[in-house]
Amino acid sequence: MSSNLYQDKIIALSKDLSNAGRLDKPDTTATLDNPLCGDRVTLDIKLKNNGISELSHHVRGCALCKASAALLATEGKAKTSEELMEMTVALENYFKEGKKLPEGWQTYEVFAPVKDHKSRYDCVLLPLKAAVEALS
Amino acid sequence: MSSNLYQDKIIALSKDLSNAGRLDKPDTTATLDNPLCGDRVTLDIKLKNNGISELSHHVRGCALCKASAALLATEGKAKTSEELMEMTVALENYFKEGKKLPEGWQTYEVFAPVKDHKSRYDCVLLPLKAAVEALS
Amino acid sequence: MTFDPLSLRNQFPIFRTNLDKPLFYLDNAASTQMPQTVIDAVTEYETHSRANVSRGVHRLAEAATENFEAARQTVARYIGATSPKEVIFTSGTTDAINLVAQTFGEQLEKGDEVVVTLAEHHSNWVPWYMLAKQKGIILKFLPVEDNGRLDLSKLDQVVTSKCRLIAATHCSNVTGAITDVSALVKAAKSVGAKVLLDGAQMVPHGPVDVGALGVDFYAFSGHKMYAPNGIGVLWGQQSLLETLPPYRGGGGMIRSVSLEGITYAPPPERFEAGTPPIAQAVGLKAAIEWIESIDLHEATKVSHSLMETLLTEMEAQKGLRIIGPVGVNDRLPVVSFTLRDAHPHDVSQILDSIGVAVRGGHHCAQPLMEAYEIDGCTRASFGLYNDYSDVQTLLNGIDKVRGIFS
Amino acid sequence: MTFDPLSLRNQFPIFRTNLDKPLFYLDNAASTQMPQTVIDAVTEYETHSRANVSRGVHRLAEAATENFEAARQTVARYIGATSPKEVIFTSGTTDAINLVAQTFGEQLEKGDEVVVTLAEHHSNWVPWYMLAKQKGIILKFLPVEDNGRLDLSKLDQVVTSKCRLIAATHCSNVTGAITDVSALVKAAKSVGAKVLLDGAQMVPHGPVDVGALGVDFYAFSGHKMYAPNGIGVLWGQQSLLETLPPYRGGGGMIRSVSLEGITYAPPPERFEAGTPPIAQAVGLKAAIEWIESIDLHEATKVSHSLMETLLTEMEAQKGLRIIGPVGVNDRLPVVSFTLRDAHPHDVSQILDSIGVAVRGGHHCAQPLMEAYEIDGCTRASFGLYNDYSDVQTLLNGIDKVRGIFS
């Protein structure tokens, strides 16, 4: 079961460093910890028209967390703070209750195998929560 | 089983107040508590030739403790501190391991039914321990 | 639902055990027995999914964490907490009250006052005494009336503007009297003080609603409510808990530790250092579900009628003094008494000889014994499985005691 | 006696449980599994003689008290205590260490020093940090060497004449390194300081002799030694315990309580407020008797050879770093490692997918992680029931991890 977690797509995402690192002069920045496992995510964000124009991530954490951050760097583009907040809640419900993901976030279905692993939900959610924090 | 504990002889002893109360000008006095049940024994003792010549008891406690104090007032006569100490240990072993009582203390066999009731050993032992303390 | 103590009794293996004589168990205020379903829940957990909680991702650790957090939710529901985050697992009521004394108490200052009542169990007395000694806090005592109830007419005198906390029992483990909590809460709120209730005796008799009670802290133990021992609960208002410093230090209560310093986890974890009582939490959950499966309205009718029979018979006996309220209203089925010629330990021992388990002594309530000028008393306390045979055998036993000491 | 892990394994119902896949349980440093005999001892007690201890004279209370005190004697024998009075039951190692921090620590003064090591579990770190903050005590840190051992050459520097206590682990829960206790004791005694050992990891592997070790306090937990959780032990030298103030306040730890004041019971009761973990003590006794029934000499040979195989294989792997001593001498079968390209949580998760239960993370030893400049590591820890199949499957799992992350 658990080995399904580490499908090629997730592994590939976790190794995708195209948006890794720090931005010069970001408009906003946030660092968030997962106290349970010690994972830490730092996001730098530039804004345009109320939405994200550029996002870079620095992750000390597991493959799921890294993959989630990498995905956010592309999927988060043009998203507003409200949309991110909505998605964060929706993703939690997607894991916990099998609810659907909102429009425009379908690529996150790559994380479907995480559903079976309660202790790992937070790994995927952490970058989204950091983005919400950065934008609020 | 337990009802055997309250045989006529023990009940009679527990009601025997002939040596109850306090002595005028005792040579020594001791008060001892059983922290577990709150029993308290106060003994006043007069001495002659290294042994007990007179003993009075004041007991706040159960029938076993009262009976034991009453018996000590008569059986303790002329006994020395060493003899009391020896008897205290011997009585504990009499209860715990079925060992014999020392010469001169046979009347304590009235307490034989206590053997089956570990939680009550201390009730009978308390007056003896108080006497040892008074004499030491 | 209907209610039949005898059918309940059959769910408790101890009553089917081949003891040397039948068991009339009336020592429920000390510890209740455990139904098969609770024993099974604990055994099942220990057999099939034992692991340490949190931080582990293997399937056993994940299952243990889930079980543990599910127990927290069940407790929260049972006591009407707003959120499971308000439920802190401790090793018992005593531990729960010490937690408050050390964290909330830590923030008190010299000259601040804490009110305790003379009806308190030592567990809700000694922690405040120790705190008072340590920090120069002043203890005020709310007296009891002759009938076993708190003397609420004295509230005005003992609750001053310096009062920071009223620590009171929800129900006395000696008199069975249920506290008029609203009076305490009103007095406390009028001076901005908090209220801690010791619910050790109350909670086994059915759900409480901490919100409706209006208190700030609520403490109780598993072993008095058909659950394992080694577990207890402190409930605290979330906003209040968030302001409190940690209790014990160790694993699980930190956010991060380094040579530079330490940051602490939010409640409830902040107060749960070390490996928590996991199997015991599983047992507590099962016990609460068991209690919830019972028609407590009917059960209370039965226990009231048992108590009424017992009290009526006792009141007619010369030389027998009931330590507690006379009627059955606003009291739990906890009946304490003294006999003029027989010491409580002798009474308990003779009752034991015919199979009746009661407790004699000071019941860890020496200040109350002092107030009533007694060394101790004998207590018969009822659980959900008791019936008339228990009352009748107890009364027969009291006759026997009289026969021996007359 | 002979020793065969497989026959031992059969005594543990969890290995016979119909899980979705076989269980290779290598998370013993977090919690061990429980053999049937311990589960049975607890169930038997809860089923047939459950009651509260002390002060009760009815047969169940008397049996409970006897069981509880018998457990104290068994523990005393197992650790070589002079008297059962030196054995204090707590809710776990964490609680035991906090007990020392609050009672012994209570007597320390501003400017006094406490030495802890960088190898400590948070449970033997945070209590001292909290005490230091509270009382102005100075913490000194004994560093670790690259090979996972305490750097004893620095003892002279950190143990000064102001040192009052050295708090050290008997064996690290990360590196498995066993501490050279005699060096610590010598350093402590030379300045009149006491020594507390955290034996949580050590005690499951066989009896210790606190007298021979020459220490003053020794702490451990039941759940890591095949016993229930919710129980732990603090051993302390009797003469030292007698000088200490109480820990928590409540029932059972007093001699008398009145409005005028309180006097406390002697040790061990002074430190055991509230209803203690009775069923858990019964389980701990059964677990110790179970350990004592095993030929530990043979068991150690087996675990050493398992550890040797594992370490040898690991040393040959590129990108794998062992966090701990290289050889098998003076270490327990606790093997932690990092993989260059895989995070410990991913490693544990992938191992879980083939049935191997290990733990990944900081293991409540963040200062040690800092010292080795890692975020965390993966730990495989062995119990008496592990055999080559566990080692082999773990190694296969590591291959699988490499396959995924290569």
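Annotations for the structure displayed:
A, B, C and D label the chains in the order they appear, each numbered from 1.
The rule is short, and it goes like this: contacts are C-beta pairs under 8 Å (C-beta built on N, C-alpha and C of every residue); 3 or more make two chains touch, one makes a residue touch a chain.
As the structure is a computational prediction, the values presented were derived from the model and not from experiment.
Between the contact lists of chain B and chain D, the overlap consists of C. Comparing the CA-atom centres of all chains against that of chain D, the greatest distance is found for B. Looking at A-C and B-C, the interface holding more C-beta pairs in contact is that of B-C. Inter-chain spacing, taken between the CA centroids of chain A and chain C, is 46 Å. Centres computed as Cα averages put chain A at a distance of 78 Å from chain B.
With centres taken as mean Cα positions, chain C sits 38 Å from chain B.
Chain C and chain D have Cα centroids lying 31 Å from one another. In chain B, the residues that touch at least two other chains are 37-38, 117, 120. Multi-chain contact residues of chain D, defined as those touching 2 or more other chains: 20, 55-57, 61, 254, 256, 345, 349, 352, 361, 366. Taken as a graph of touching chains, this assembly fits none of the simple shapes: it is neither a line, a ring, a star nor a complete graph. Of all possible chain pairs, those that touch are A-C, A-D, B-C, B-D, C-D. Contact residues on chain D toward chain C in their complex (touch as defined above): 13-14, 17, 19-20, 23, 25, 27, 30-31, 33-34, 39, 42-43, 46-48, 50-52, 55-61, 91-95, 97-98, 101, 121-123, 125-130, 141, 221, 223, 228-231, 246, 248-254, 256-259, 261-262, 273-280, 345, 348-349, 351-352, 356-361, 364, 366-367, 370. Chain C meets chain B in the complex at residues 20, 342-346, 349-350, 352-354, 361-362, 366, 375-376, 400, 404-405.
Chain B makes touch with chain C in their complex at residues 1-6, 11, 37-39, 60-64, 117, 120, 123.
Chain A makes touch with chain C in their complex at residues 33, 35-38, 117-120. If you check the complex, the residues on chain C that touch chain A are 54-57, 61-62, 65-66, 254-256, 265.
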